[in-house]
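Please go over the structures that come below.
Two complexes come next, and they have one chain in common, subunit A, joined by subunit B in the first and subunit C in the second.
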Partner chain A sequence: MSKQLGFLHNSEKCVGCRGCEMACKNEYQIDAAPQWRKVFQLHEEDFSLPTRMFFSMACNHCAHPECLRVCPVEAYTKRDDGIVVHDPNRCIGCRLCTMACPYDRPQINSAKKKVEKCNLCYQRIDNGEQPACVAACIPGALELVEINDILDQKTGVLKTLPGLPSPKLTTPSIRFIGPKQGKQIRRD
Partner chain B sequence: MGDWEWPLILFTVLGQIAIGIIVMLWWLDRDRDHLDTQLFKQGVYVSGGLLILALLASLFHLGHPEVAYRALAHLGSSWLSREILLFLLTFLAWINLFWLSRRQTSSHPIGADAATITTAEIAAEGQQSGNRSLGLGITSVLGLLGIASSAMIYVLPRVPAWNNVGPVLFFLLTTGLLGALVTLVLGRKLLHPTQKKLLLQCSLGCTIASLLFYVIYASMLSASMEGATSLNFLLSSPLFWARALLGWFAPLLLLVSMLKNSQVAKTNLILTLTLFSVLGEVLGRALFYLSATGIQITALF
Partner chain C sequence: MKFHQSICPRNCYDTCSIISTTHKGVLISVEGNPHHEYTSGKLCPKALDDVKKVYSPQRIRYPMRQRGRYSGFWERISWDEALTLIAEKILSLKETYGSSLPLALNKYSGNFGVLHNAMEGLFTGIGATTRTVGSPCWSAGVEAQTYDFGTFFCSDPLDMAKANLIWLWGVNPAWTAVHQMPIIFDAIDGGAKVVCFDTHFSATAARAHRYVQVRPGTDGLLALGFAKVLLEENLIDSNLSSYTLGHEEFFHYLENEISLDNCSEITGVSISTIRELALEYGKTHPACIWAGFGLQRYTNGGQTLRAIDALGALAGHLGEQGGGVQYAQFQTWRFSGAIQNPAHPFNISSNTDHPSIDSLTQNQKQTDRLLNINRFSEEALSCTDPPVKILWISGRNPLSQDGNLQQWKKLINQLDLIVVNDLFHSKSSEAADLFLPITTHYEHWDLNAGYWHYWVGVNEPAILPIGESRSDIQIAWDVSSKLNELEPGSCIFPTSGDEKETLLRELGPQMLDILGLKKPEEILKAPVRANFPSTAWENRIFATPSGRYEFFSSQASNARLSPLPIFVPPLNPSIDAPLRLLTPHHYSTINSQVYASGADNSDYVLHLAPELAQRHNLAVGDRAQIWNKSGLLEVVIQPLLGISADTVIIFQEQVEANSPLNCLIGTPLTDMGQLILGAPGFALNETFVNLRKL
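Right after this comes the complex of A and B.
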């Protein structure tokens, strides 16, 4: 593997509009139930900020993908750029990957009886375009990045957020910029 | 929380009974000529029937059973691929047993006149029982490896309740327990009292081990948040208490009293005991799937 592509999500910029979710659905005409990308809201008590904070998550194209390890039909492959691609044509719908992924990102399409997930718009990337979710994010909260030490050494870049499974499980290729400690306006 | 996975419950429990029967026949056959030919045949037929049912049941778990053969594609890292391969090999080994059982001539009745048995007959019988023992041994080893692979599928870092030695241990104990009891039912008129006693002792050992390991396993679960959720679910579920009653306490009472009072030959007791244990194990397996809680995103959505 020559590099590892992934996402950088900035909770400070994210307004929770779910535009990334919609762009993903629109790009692939996904049925109603499976949500390849989903916007989550952090629990207030987790971040001790009296404010609403969001993060957006799809498949994290993990460095050690559990989905790929357990799948009996080799429906998952990891490309040279680190993207974990799922091939629905190979899937037999055993649902083992849905049990193994701590982020619940491979999801069963009950009409097709097969699993689906985000493939990081690899066909768009191969054409030099941005993934649909990244291109649609108006405040620029979601970015496509290369996951490497240079990124990890930058101030404010976090490997996880409260409420997320430990990154030790699968080494996900996502980084976060957490909400900053804002000014609290007190009226007393 | 998991789902009520009927296909997986049937596949695992029936498959484990099928392989358990073969293991018990192999065990009884360790001193040549001690395994009744009729029991060998019955055991092979019943285990084959159960194995076929188990494999058919497993197909209902798949979204696309028509391409189930693809599941053999990822032997390098997928325990599901390895399980399917080992179960198919077990089935091939069973076909050999079936073929041997068709060729097996009945053993000489106890007390047959030794003078009427020729040397050639003795040699042929020795060859037959050697092949039988080898066939049972190979099928048992492949089957046990298949069961261990089934269990390894569930050893997932994401599910703390499964990410330990528990699944392998419990699947193998079910194999020993139900294998011994179903063999006892099949051989209730054919087994010697000492053989019946051995099978009852094996069932008792498996039931005690299952109960003890479960207590240790349950105490380990509270170490993680998800494990504690599984444990709370189990303890508050009436199914769990039904499982405990049918699968542990009632069989323990019956087994101890049968062994103590030398009532090893009582058919009604054997049938009741087997029924309780099968129901207990089916409920236990259902709870295994129902209580699984995975590490997940706990943020709001």
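Right after this comes the complex of A and C.
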């Protein structure tokens, strides 16, 4: 593998608008239920003050993808740039991958009885374009990045957020810029 | 693959420019227009769901008639049957009552495209009818700013990036004006400080340097408190006497009537915070205030806006690049109005150009029966001579958004015919007799302007109408045609036309001048930014009678209001209903407009302070009831830090419940709105409820 592409998400800038979720649906006209990308609110209990912070997650194109490891029909492949691609033609809908993924990102499409997931818009990337979700993020909170040591050494770049599974499981290709808290003068 | 220009017609700050993609006549994708400086290539989730919305199986594709209101037994009928039914009913009522006043139109902002004003045009073409005036949204603030500045106008929203201090006051752009967020983030990256004032801790507040929680309805007093500190600390613009009127009187009011102790006690903000923030606001230039719409949806809403304007003026922030007090604007909406004012055949010769709107509106005012949109049901019921008999609902969903549903029920009982034109069934169509399917903005021509940014552009059809749907203007032509077929001369609205030609006629000389265009056709190429300066009131020449910023407004006193901005307390809770209910917008909806892929909630979620939840022995997920004398609603409990214990919040999310949220709402009115919009606004945030565990 020559490199590992992934996402960098900035919770300070993410306003929780779900534009990324819907841009993905717009691009692929995915049925209503499967959510390749999903925006989550960070649990308020994990912070000392109320946060109203969000993060957006799709497939993390892990360095050690569990989905790929457990799939009995080799529906998953990992490209040279690190993108984990799922091939619906091979998929038999056994759901092993949906159980194996610690992030719950492979999604079952109950109408088609197959799994589907984010393939990091590889056709757009091959065209020199940004993934649809990244291109759509209005405040610029979601970026496509190369996961490497230079990135990890930057201040403020985190490998995980409170409440997420341990990155040791699959070495996900996602990094975070965590929430900063302002001063709150509240009456409650 | 083909690309088309569209404009998002929702009632939203952003009014995005959209590029839609079709393949073999099918809409396959929508994207933000990268060449539009505000949209900058990006759309919100509501618009990104448009393809699904256009082809949604729930969309109504044919004219339908309901056998029995609320029965849900809808049967498909032909357009000719539907039009005949409507036209015959209109004509028979006209004969019975000798007037067309029994015919009422209730229309607002479901689609802000100019061609949708064809509905008004149709009604004007029929004769004197019953109409709505006013706005459920922004009336008090519009009037307040008109007293102060002479008209309400705001800076280009990009101007905010130049601010060194931004006060976001009662506004949650993270959810309701997402495209402003990158501009605010740019300002932060450039060193600006952001303070957010709100009743609850919002997604915007979370991204500010400082969040200040204000007791609902007391923001005006807080602004006056800040003003008092500026005065005490001598942080007043030394040039005030050259461009303002009545600052002495205002100083006098601050000195004698405003005490910081009182201000702190009522607003819930400590004196030290008031001092600290006021000093920062007085000393930092440029400093911008963005005042949101929610602020003025109180019985004292207009005074609140006037107090905030006065604070901005006092500190010398008006007309400052990156400063000012921003609310909204209507200057880019100076369309010719030819659609809603069809030329009368008797003076057709004098009307070959555009009829003079002023004289026609004048005419219309004399003849039409105008009802406050916020008290429509009550006022319509009180019309007896003649009574209202036909109601046409267009671009609205009053049974989900209006207050006083009990009166609405009565009104519905008295009506002979209710017509709804819409895309989907709604709370309002449940009561309708006829449903006319309309096109989306991907299926018709239109022309749209923003009320926040300065851009105006056309919407071109990308695909053919779905099913038998028709555009509002086509429906208006068709009704006129049927009326004239049954009784020649019974409607002067055109009986046919061309959508594109009609929209070009809306660009009269004034609009062409504002847009810097020579010919209307030039707008067809791409959206155009009006050529206003980026900073509102940059020369400090105002549009008031005195030409100055008016602390002291004679117009206000003529309207029997205080000439100076003053604090008037909001409504107080009572023992029967001790909690204030706020119903702010959710990121996924605009009022009752939702998106198809939105979560299907079956319950309203009541957000409340953990302390209040505890007091009622309520835990997350518990079921509870809130009620008041208007109605009762079952809710699910969600405790949340950042809400004070005297307030509960239900966001306007899509919920499939029998009883709608507005069953709790009466029709309290705002203090201002009458002069400029013809009726006071809706003081929606003055709603109080009681809470009990189930």
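Worth a mention:
To be clear about the criterion, the second predicted complex is superposed on the first by the 185 of 188 C-alpha atoms of A that agree within 3 Å, B and C clash if a C-alpha of one lies under 4 Å from a C-alpha of the other, contacts with A are read in each partner's own complex, and residues count from 1 in each chain.
Rule of thumb we're sticking to: a contact is a pair of C-beta atoms (placed from the backbone, for glycine too) under 8 Å apart; a residue touches a chain by one contact, two chains touch by 3 or more.
What you are looking at is a predicted structure, and each value in this text was computed from that prediction instead of being measured.
Partners subunit B and subunit C, once the complexes are superposed on subunit A, both fit on it without clashing. In the superposed model, A:G16 lies in contact with subunit C only, and not with subunit B. In the overlay built on the shared chain, the residue A:Q29 is in contact with subunit C alone; subunit B does not reach it. With both structures placed on the common chain, the touch criterion links A:A136 to subunit C but leaves subunit B unconnected. Seen from the CA centre of subunit A, the centres of subunit B and subunit C span an angle of about 130°, rounded to a multiple of 10.
Looking at the shared chain after the overlay, A:L151 reaches neither subunit B nor subunit C.
Of the two partner chains, neither subunit B nor subunit C is touched by A:A111.
Annotation: superposed on chain A, subunit B and subunit C show a minimal Cα-Cα gap of 10 Å.
No residue of subunit A touches both subunit B in one complex and subunit C in the other.
Every residue of subunit B that touches subunit A in the complex is listed here, in rising order: 61-65, 67-68, 70-74, 77-81, 84, 153, 156-159, 292, 294-301. Listing the residues of subunit A that touch subunit C in their complex gives 12-13, 15-19, 21-23, 25-27, 29, 32, 44, 49-54, 135-140, 179, 181-188. Residue ranges on subunit A touching subunit B, taken from their complex, read 38-43, 46, 55, 57, 66, 68-74, 90-96, 99-104, 108, 112-114, 161-166, 169. Within the complex formed with subunit A, the residues of subunit C that make contact are 28-32, 41-45, 48-52, 174-175, 178-179, 181-182, 185, 201-213, 215, 268-270, 273, 587-588, 595-597, 609, 611, 640-645.
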